[in-house]
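Presented below are the structures under discussion, each in the form of structure tokens.
Each of the next two complexes has subunit A plus one more chain, namely subunit B in the first and subunit C in the second.
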Partner chain A sequence: MTMDALRRTHWIARITFLEAVRQRLFSFLLLLGAALAVSSVAFRFLNFGHGELKFVADFGFGILFLFGSLLAVVMTAQLLYAELDNRTALTLLAKPVSRSEFLLGKFLGVWAVLGVFIVLLCSILAGVLLTRAAEIAPVAEAAGRVPPSVNAAGLAIFALLQWMRLGIIAALTLFLAAGARTFLFSVVAGMLAVLGGQLQWLAQDLLTKPDVGFFQRSLAWFATRAVPNLQQFNIGDALVLESAGAPAGAAASALLAGSLHLLAFLFLACALFRRREI
Partner chain B sequence: MKSAVSIRNLTKDFAVGMRGLKLRAVDDVSIEMPAGQVFGLLGPNGCGKSTTLKIALGLVQPTSGTTSILGDGAASPEARRRTGFLPEAPYFHRFLTGRELVRYCARLSGVGEDGLDDAVGRALELTAMSSAADRPVGTYSKGMLQRIGLAQAVVHGPELVILDEPTAGVDPVGAAAIGGMIAEMRSQGRTVVLCSHLLGQVEQVCDRIAIMDRGMVVLQGAVDEVLAGRDRHLIEVSSLTREAESAAREALARAGAVVEGVSRPRRTLEELFRELVTGSKDA
Partner chain C sequence: MSAWATWTASAALLIAAGSASDRSWAAVRPCIPELGARQLELSAGQGVLLGVLGGLRTLVADVSWLRSYVLWERKEEAGCEALMRLACTLDPHARYFWEQTGFAVGLDMANWEIRRRGGYARVSKEVQDHVFAAYARKGIAVLEEGARTSRNRAPFLIVAGQLAEMKVRDQRMAATYYRAAAESEDAPWYAARFAARTAWEAGDRAQAYAWYRDHWSSVLRVRHEDRAPDDLAELRMMEDALGVPAMRRIPRQPWER
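On to the complex of A and B.
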């Protein structure tokens, strides 16, 4: 990629970012997510026997994944289809802008917005967790128990992992939208792909069983390669609440595998979009 | 004569429906658009004008045939760097101001930071948008949208400007102003390709035209040539009395001319409208 191409991609990403942060869906999900994260302390009686901080953290992680995935799928598809339906894409692609630059610009703009979403929600979650940990600690010490702790650095790594996870979802949706004819199809297929990514362990589980037929084994093998394993990013508890932290290399391994999936989906999206008639 | 746009044996089929039935939108079209002139591409809705232009710009793949812009392949970045395009019914990011939009398009078209402000200023001035340049695009009228669209198309100083229905939805005063801008671009040595339904305007500003119908070119040539086919002439006079008319008829007859009829030419409604209405603020 030349410097000129990078500049053009940067400008498309910048305008996409400005357009995305103005969307009502972004403001709505951010405000709702923030409100739920703050109010999670009020629901701590639903902790099912686990520690209070673990409940609050899990609640926050769940909100981040659910709302973040919804935002990544809908916003990616919406921003691409808005350009195609409103014919702003015609104006841009008639300039010396390649289709790959256009698509990468759209992706980077959306990914930047998802980054803002994650940073804001993780900051709120950190505030809630640290405040609650400070309140619980004296009570736990008085009762002779180990006081709970929150690992802020672990939360930062967790935020980075979630950004990668949402980036994969956005790239996957972009790939679907680049070839699909309708916005609705892209959103539905994108959400199903997210569900498939969360359930990828089923295919991994199938591969470990000795009595599985060739066809099923092949299908499971393909699924483990083609569908990104979104569960590998679920190490928030270990990173944030456990003093021992996550298993060594788990975060790095998830980031590396995630990067490969993200690049592969972007490459496929560009290849598909090159032949699309605008 | 050097061609700015060369279209040879162009055919485009679109697949329609689940069964992939083919609809021929452009059928063996060949057009040469000379450099430095205003070329009008005319035809009814759905006759293949926009598809032809999109293929020329590399936005749609042809089924067969070739197109080139300023000697380069249509889809090449170099060809598009030297071309400006205003699509039909343009829509732009509503939250940007006119100036921000034109700057954005200038950057995408390769205008460097050094000359950016000058280029943007010139484009806004040409399109008479300087005074409204700092308002959000979302507040613009249709006429202003067309003019800011024109500004983004010319901001990088292209040699070729392609305008698809630049006067659609614009009132006659605004349309006349856009006609003036096209004439100004021609005087600057640019080639302009104009797709329009306003035949009067096309006749005024275009040097050459091609008329398309059902995907095919049915007529092309210089405007003067294609319109001057009939052996008829018009002499416009004022204060014509009965005596003067008789004398003129006799004089013409003596010179061998045949007077077919004498009538009072009517003004067109467009001419009357433009005489009475000097222009709204946001036309």
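On to the complex of A and C.
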């Protein structure tokens, strides 16, 4: 990629970012997510059998993933189809901008918005967790229990993992949207792909079992290559709340696997979009 | 880049990503609460997928537990057990869920079954005992699963021992659970005594003494600041009952009363 191509991609990404942050869906999900994260302390009466901080953290992680996935799928498809339906893509591609640059710019713009979404929500969650941990600690000490702790660095690593997870979802949706004819189909297929990604570990577990037939093994092998494992980014509890933390290198290996899947889906999206009639 | 090169690069990247993901999943798997395919099949259709979908697992587990209360009050066995087990599946590290499910299945549901058959006055003692034993075994199975997945093993093993002792009425089985509890890291102080007592009552007197003596010497005396004098007193009673010769008894301790 030449410097000119990079400049053009950056320019498209910048426009896409500005367009995306102005969307009502982004503001709505961000505000709703922030409100739920703050109010999670009030939901602690629902908590049975586990620490209050775990409940608050899990609630926050759940919101982050649910709203983040929704945002990644809908915003990616919507921003691409808006360009195609309004014919602005035609005008843009008539200039010396390649289809791959256009698509990459779109992806980077969306990914940047998702980064903003994650940083804001994780900051709020960190504030809630640290405040509650400080409030609970004296009570726990007085009762002779080990005071709960929150690992802020672990939360930062978790945020990075979530950014990668949402990046994969955006790239996957872009790939589906590049080949699909309608916005609705892209969104539905994107959400189903997220569901598949969340359940991909079943195929991965199947591969480790010795008594699996050739057909099942082949199917599982294909599924583990074609569908990304989105559960591997779900280690927030270990990173943020547990003193032992996650095993060394776990986050790094998840990031490596995630970045390879992300790149693969971007390549596939570019390959499909090149053949698309606009 | 030509179209062919792009497709080839994509395929190569997907294969590399899959291989990297296999390695990464092996490293990450221990950090994620166990959600095996078997549990997924058991609770499919009850919203487990929602829990699988993200970090909202804890919340879904709590809601499922609350819903199980409603069915518990209505004494709807199947629905109540399914929802309780769903809560355990979604939040497998929560001791409360496993313990309470074990109690509900092992004790409450046996009572419901006897009432369903006409009540205590109409159901014969033999049938009552059979029902209690059958449900207690189911409860013990739940507690065993909890001991495997939860972080604290001993509380589950103690409750399993109690069910085996009081409802299954199998002292030998109870002794096995109490012994496993006594040998676990988070063992409560009374577990060893329960294990020795139930094994003794089951008729395995010599084995009960041998195990208790060994456990007192290697664990209790070392772990407890007061060197577990009550356990030693129990051991002395066993030695008297078994008629252990003076030379083969536990040597008298300087602090012993």
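Basically, the second predicted complex is superposed on the first by the 274 of 278 C-alpha atoms of A that agree within 3 Å, B and C clash if a C-alpha of one lies under 4 Å from a C-alpha of the other, contacts with A are read in each partner's own complex, and residues count from 1 in each chain.
Heads up, the rule we're going with is that a contact is a pair of C-beta atoms (placed from the backbone, for glycine too) under 8 Å apart; a residue touches a chain by one contact, two chains touch by 3 or more.
Worth saying up front: this structure is predicted, and the values here are computed from it rather than measured.
Visitor: Just checking: does A:131 make contact with subunit B only, subunit C only, both, or neither of them? Give me first, second, both or neither.
Guide: So A:131 meets neither subunit B nor subunit C here.
Visitor: So, A:256: does it touch subunit B (first), subunit C (second), both, or neither?
Guide: A:256 sits against subunit C, while subunit B stays out of touch.
Visitor: Where does A:86 make contact in the superposed view: on subunit B (first), on subunit C (second), on both, or on neither?
Guide: In the superposed model, A:86 contacts subunit B only, not subunit C.
Visitor: Once the shared chain is lined up, is A:39 touching subunit B (first), subunit C (second), both, or neither of them?
Guide: neither
Visitor: Would you check which partner chain A:218 touches, where first means subunit B only, second means subunit C only, and both and neither mean what they say?
Guide: neither
Visitor: Which partner chains sit in contact with A:98 here, subunit B, subunit C, both or neither? Use first/second/both/neither.
Guide: first
Visitor: Looking only at contacts as defined up top, I'd like to know whether subunit B or subunit C touches more of subunit A.
Guide: C
Visitor: Just subunit B (first), just subunit C (second), both, or neither: which does A:11 touch?
Guide: first
Visitor: Is A:275 contacted by the first partner subunit B, the second partner subunit C, both or neither?
Guide: In the superposition, A:275 contacts both subunit B and subunit C.
Visitor: Identify the residues of subunit A that lie in both the subunit B contact region and the subunit C contact region.
Guide: Subunit A residues touching both partners: 275.
Visitor: Which of the residues in subunit B come into contact with subunit A in the complex?
Guide: Touch list, subunit B to subunit A: 54, 57, 59-61, 77-78, 80-81, 83, 85-93, 95-96, 104-105, 107-110, 149, 152, 162.
Visitor: Given the complex with subunit C, which residues does subunit A contribute to the contact?
Guide: Going through subunit A, the ones touching subunit C are 43, 46-50, 54-55, 57-66, 69, 100, 195, 198-199, 201-202, 204-207, 221, 224-226, 228-229, 231-232, 234-238, 246-247, 249-250, 253-254, 256-257, 260-261, 263-264, 267-268, 270-271, 274-275.
Visitor: Applying the document's contact rule, which stretches of subunit C touch subunit A when the two form their complex?
Guide: 1, 3, 6-7, 9-10, 13-18, 20-25, 27-33, 36-37, 40, 49, 52-59, 61-63, 65-66, 87, 91, 93-97
Visitor: Once bound in the complex, which stretches of subunit A touch subunit B?
Guide: Its residues touching subunit B are 4, 7-8, 11-12, 15, 18-19, 22, 86-88, 90-98, 275, 277-278.
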